[in-house]
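Structures incoming, each one as structure tokens.
The two complexes that follow have chain A in common; it is paired with chain B in the first and with chain C in the second.
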Partner chain A sequence: MSDRIVVIGGGPAGLEAAAMAGRLGAPVLIVEKRSHLGGAPIAESYAALTHGLQSAEELMGKMMAAATDLDRVEVRTESEVVAMSGTGGNFTVTISSNGSEETVDAGAIVLATGFQHFDPGRETQQYGYYEFPDVITIQDAEGMLKEETFVTPSTGKPPERVAFIQCVGSRDRQIGNEYCSKVCCGISSKQAIEVRQQVPDARVFIFYIDMRMYGYWENEIYWPAQEQHRVNYVKGIVTEVLAKNGRLIIRGEDTTMGRPMEVPMDVVVLAVGMEPSPGTRHMADILGIATNKYGFVETVHDVLDTVTTAVAGVYVCGSATGPADLDDTISSAGSAGAKAVAYLRSGAEVPA
Partner chain B sequence: MAAAAPVTTFATAGGATLSPDHYVDVAYEEKLRLWDEVKADPRFPDYLYGCYECGICVAACPSAKFYNFSPRKIAQAAAREDVELIFEQMNDDVWNCSQCFSCNRCPRQNSPGGLITILREVAVNNGLASSKAALEGYTRIVYKIMTTGTQVSPDMLQADAFPDWGPGVMEVSDNLELWRKALPPETLHTTSMSWQVDDKTLTELYLIWHYTGVMDLIAEVDEGLHMIILDVMEETLEEAGFEI
Partner chain C sequence: MTRGPNPKVDPERVMELEHAVIDGMDVSGHWNRMFEQRVIFDYDIHQLDRVTELDGGESMGWCYQCAQCVPVCPVDHVGTYGPRRIFRNLQLGQDFFANDDLWLCTTCANCLRVCPKEVDMLQIMPAVRKEAVLAGDVPKELQDVFEKTARYGNPLGKNAKRRAAWTKGLDVDVPLISELDRKVDVLWWVSDYPSYHPRGIDASRALARVLTHLGVDFAILGAEERHDGDSMLRAGESGLFEMLAEQNIETLNQYEFDVLLTTDPHAYNAFLHEYPQRGGTYNTAHYTQFLEERIEAMGLTESIDRTITFHDPCYLGRHNGEYEAPRTLIGALPGSELVEMWRSRENGYCCGGGGGGMWLDGLAADNQSMRLSEKRVREAVETGADTLCVACPYEVSRFEDAVKSTNNDGSLEVLDIAELLAAALGLATD
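The block that comes next holds the complex of A and B.
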């Protein structure tokens, strides 16, 4: 019986799970493939976090400190779990770091390998992402917003007109992702506010199917975006992006006005959705845990237990289980860390 | 076959790829000037916050049941600052509103009806031909109210002025005195007046209209009417000891 908890993934979910388990007294080993902790918010240079609008770097820094300040929490970066054997309470985990392998024992495992952004060139060359330099994704926009250099990439000049296109790679049977990615409405609205703040003369449009601004996102992001920052929301999804006289043209239907539209734009931002990261898919295989048709990890109950997998001693949290915002991620990660410790202490699953 | 719907441009000067069908002969700069005048109205910020296009205003709107009219589109066009569409609405749509303000039940606390009030005032103050045409049928009402201080009188029931009152109005207006005699005697069977307004009240009304700029509005819409009303007013005011 090992009392160690191996946390796979050092993003927000892994850090919170590690901090929780560590504070409850368990030795924790975080295994992170990247060279740094902090996950996508750091790797993708997120500017402000959606909801709260605080600096991603600062908040991730706090999370890293909360985990790594604990003596019981160890970190292996540039490391991957390549094999797992044994059963709950007595796992043997093989970790590969820079070509050398080591095995560690673990009583429980928390999977926190997260998501990746949908690739807009995956099925078809949707919206010319790989054709036009001025068609970018929300993560591309984050990098520019973080540096406060939001420009039209092809000219290096501040844009006059910016369009966000929602639901790229989400809610689409043809692509195979029927689910809603949950965060893109909020992120686009947040970015639209940031663009208006950084480039006050720019007109910003958001083309959407439904705006899904649940809870406080409505009054904290959506309404201020419209009312204070004069972001234009147009119900209707763009069908194609064209280039004409050196400028992008977006074509679609302005559904609530009941007419087709052709609108010139300088920058088009694709609100790409979430898919399971390659790490999530790969680890699910290694750990022998079930995934749904989209490749996200399944838990034992949709509602009552969002972190326990069908393999005793293996827990999952954050966006490895499906699209999740950071609030969701922190909540599920804390739960996963606590349930992993409870499992080790009692030798039994916490009943759902 | 119906003409194709105009293509939305969310226009900026020189930025549109396709021109809207209407008012192409009016320069963009002129449309923008009028829109800036609307936005500069001190009431504007209280009438428009943001619109999520729920349609509750249209559901509540009596005019929307009878005309191709949508208070939602008024709020949307203003929120989007779609200068071309706003100009079109300022000419064509705003006159379909009955200013009942049922649309004020908006969950975002917008007032599409209030926006329309401002749009109408800007249209009239700038002498848009469409505003003159829209108000033409109201000449008699304006004359009646502004000279006598009373409401619509029976002799204003005339088919040429109010085609939307239906085919029955012709028969009524042709034999108006006879129809009036069928009513209770309390109406005095009058056809040209609803009731007598006393001189003090009339004097006050004249002064209000003069000092709040209503007379200037009338002059903009109908110069002849303005002269006639002014004649009547000046006489009454003079007798009351006012010089304007």
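The block that comes next holds the complex of A and C.
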């Protein structure tokens, strides 16, 4: 019987789960594949977080400190879980670091291996992501916005016209991702605001099927983007991006006008959705936990318990369970950390 | 409609006027054939910026296309105009400052009532129209009215000196305040159509009789009264409005009175919301409100034997929240039954006369399948009422014309509420 909790993944979800378990008195080991903590917001150079427009680096720094300042929380970077055996309360976890392997005991495991951005060239080339340098993704845009160098990649000049195309890789039966990725409408609107702030002369357009700005994102992002930053929302996502006389032309239907649309743009930003990360898929195999048809981890109840898996002692949180924004992620991660500790402390539930 | 060789290719829409005369030349038929551009090749946002950068135009950029305005916009029912579409057309680079759409809004305020984003056409329209007026881009029929109003003090272009001529031969005394040389309880702001238009005069004479019957100490301004200017302001002629307001305030401030009694809801609106910040603050009442308070004293005895439907004036109802006073009066008419139209009170349909629409019949005819007043008269007829009761002087003439043009002559009578009250009091008629 071990009282240690192994947290797999050192992104926002893993950090919050570790900090919660640590604060409740449990020894925690964070196993992170990358050389750094902070997950996608750091790895993908996010500029400001949606919503609130606070610096991603600063907020991730706070999260890292909250976890690692605790003596009970230990971190292993450039490390991967390669095997797991035993049952709840008495797991043996094999960790590979720089070619060497070690085994550690764990009473409970929290999986926090997150998502990856949809690859817009994986299934379809209709937007020419691998064909045109000026067709970029929202994470490409994040990098430029973080450096305050939002330019047309092919020319290095500030763009006059920027179009965001929503729902790329989401809500698509052909691609196999029927779900809504939940965050892209907000992120695009946030980026549109940042583009308008950094390149005030740029005209910014968002082409959408329907804007999904739930809760406070509506009034904190969508409305200011339109009303104060004059971002132009046009209903009807673009069907294809073509080049004509050296310019990108987006083609689609302007649905509220009921007219075809062929408009030149300098930069086209694809609001790519969320898919399970390779780590999430791989770890689900190793831990023997069920995933849904999209590869996201399943929990015992889709409403009442969004962090407990069918394997006793194994919990999951954040975007490993499905598309999630950071607010959702922090909430589920705190819950997973606390439930893991509760599991170890409630003898009745812990197998002998 | 012509079709290309490939039936799968959707042809661009063909427009051809059967009868068209341009600058005296007959270009009917194929001479004027146009193909409407279907493909949008650009979003020229600067036209939207031109509007949102105006004082009062800001909220034009807030529209998120929910389209709730469409079913309640009275103009949207009879043409292609619509608040939602204005925003989209601006995004598409339409020059709103030189477009018929700019003049179709009657400022009825029904879109603002339902708009979740508070896109405020009551601010946007006057702001943009003001620029169009400055640029001389005004429909001629409206420009003529601006000029008449500036010159004669009334939009009808009537002789200002004959403003009180409607009181001639009346069996009751309607004194001019300038001749009384004393304070009066009520100064009656008669307004233009009630002073000059034959049917407006009928209502004015009825109201004078009712006031006299009640023993009200009242007087009028006569030739000293000018157009209140409210509709000029909504139509974009803010300079003319300022001039009229200044002159009217100067006139009103010479006299002592307790109540400023208005016949016209547009004047009522101006006295409530525009004149105070310009130095003219008055205890203003619409005549329906004034009479409602005296309904017991009136002693309505004569059965009028009518089924009545009531049309809410936009500037009494939606703009100023008064729905009850006229209904209380109608309810007190002996032998009358009030039947409501399906759109009434907050959702009342517009007669088409507000915001300059009173003087834009030609433009409306060019852009609308029917007049708003015609649509409203049909709704009134549908209720089974024999009387369409009104409380705004713009409406009697508009609705009477519409009764004729919709072939309802003889089945629906348009009467001002003052005329109905005078009848129920058994007062003299002309």
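Heads up, the rule we're going with is that the second predicted complex is superposed on the first by the 345 of 352 C-alpha atoms of A that agree within 3 Å, B and C clash if a C-alpha of one lies under 4 Å from a C-alpha of the other, contacts with A are read in each partner's own complex, and residues count from 1 in each chain.
To be clear about the criterion, a contact is a pair of C-beta atoms (placed from the backbone, for glycine too) under 8 Å apart; a residue touches a chain by one contact, two chains touch by 3 or more.
Every value quoted in this text rests on a predicted model; they were computed, and no experiment measured them.
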Chain A as common anchor, with chain B and chain C clashing or fitting: clash
First (chain B), second (chain C), both or neither touched by A:P260: both
Chain B versus chain C as contact partner of A:E227, first or second or both or neither: both
Chain B versus chain C as contact partner of A:F205, first or second or both or neither: both
Which of chain B and chain C A:K244 touches, first, second, both or neither: first
Which of chain B and chain C A:K235 touches, first, second, both or neither: both
Which of chain B and chain C A:E160 touches, first, second, both or neither: first
Residues of chain A at both interfaces, chain B in one complex, chain C in the other: 203, 205, 211, 222-223, 226-227, 230, 232-235, 254, 256-257, 259-264
Interface residues, chain A side, partner chain B - complex: 160-161, 203, 205, 211, 222-223, 226-227, 230, 232-235, 244, 249, 254, 256-264
Complex contacts: residues of chain C adjacent to chain A: 38-43, 45, 48-49, 52, 61-62, 64-65, 67, 84, 88, 91-92, 117
Chain A-touching residues of chain B, taken from the complex the two chains share: 5-10, 12, 15-18, 49-53, 72-73, 76, 79-81, 85, 108
Footprint of chain C on chain A - complex, ascending: 203, 205, 211, 222-223, 226-227, 230, 232-235, 254, 256-257, 259-264
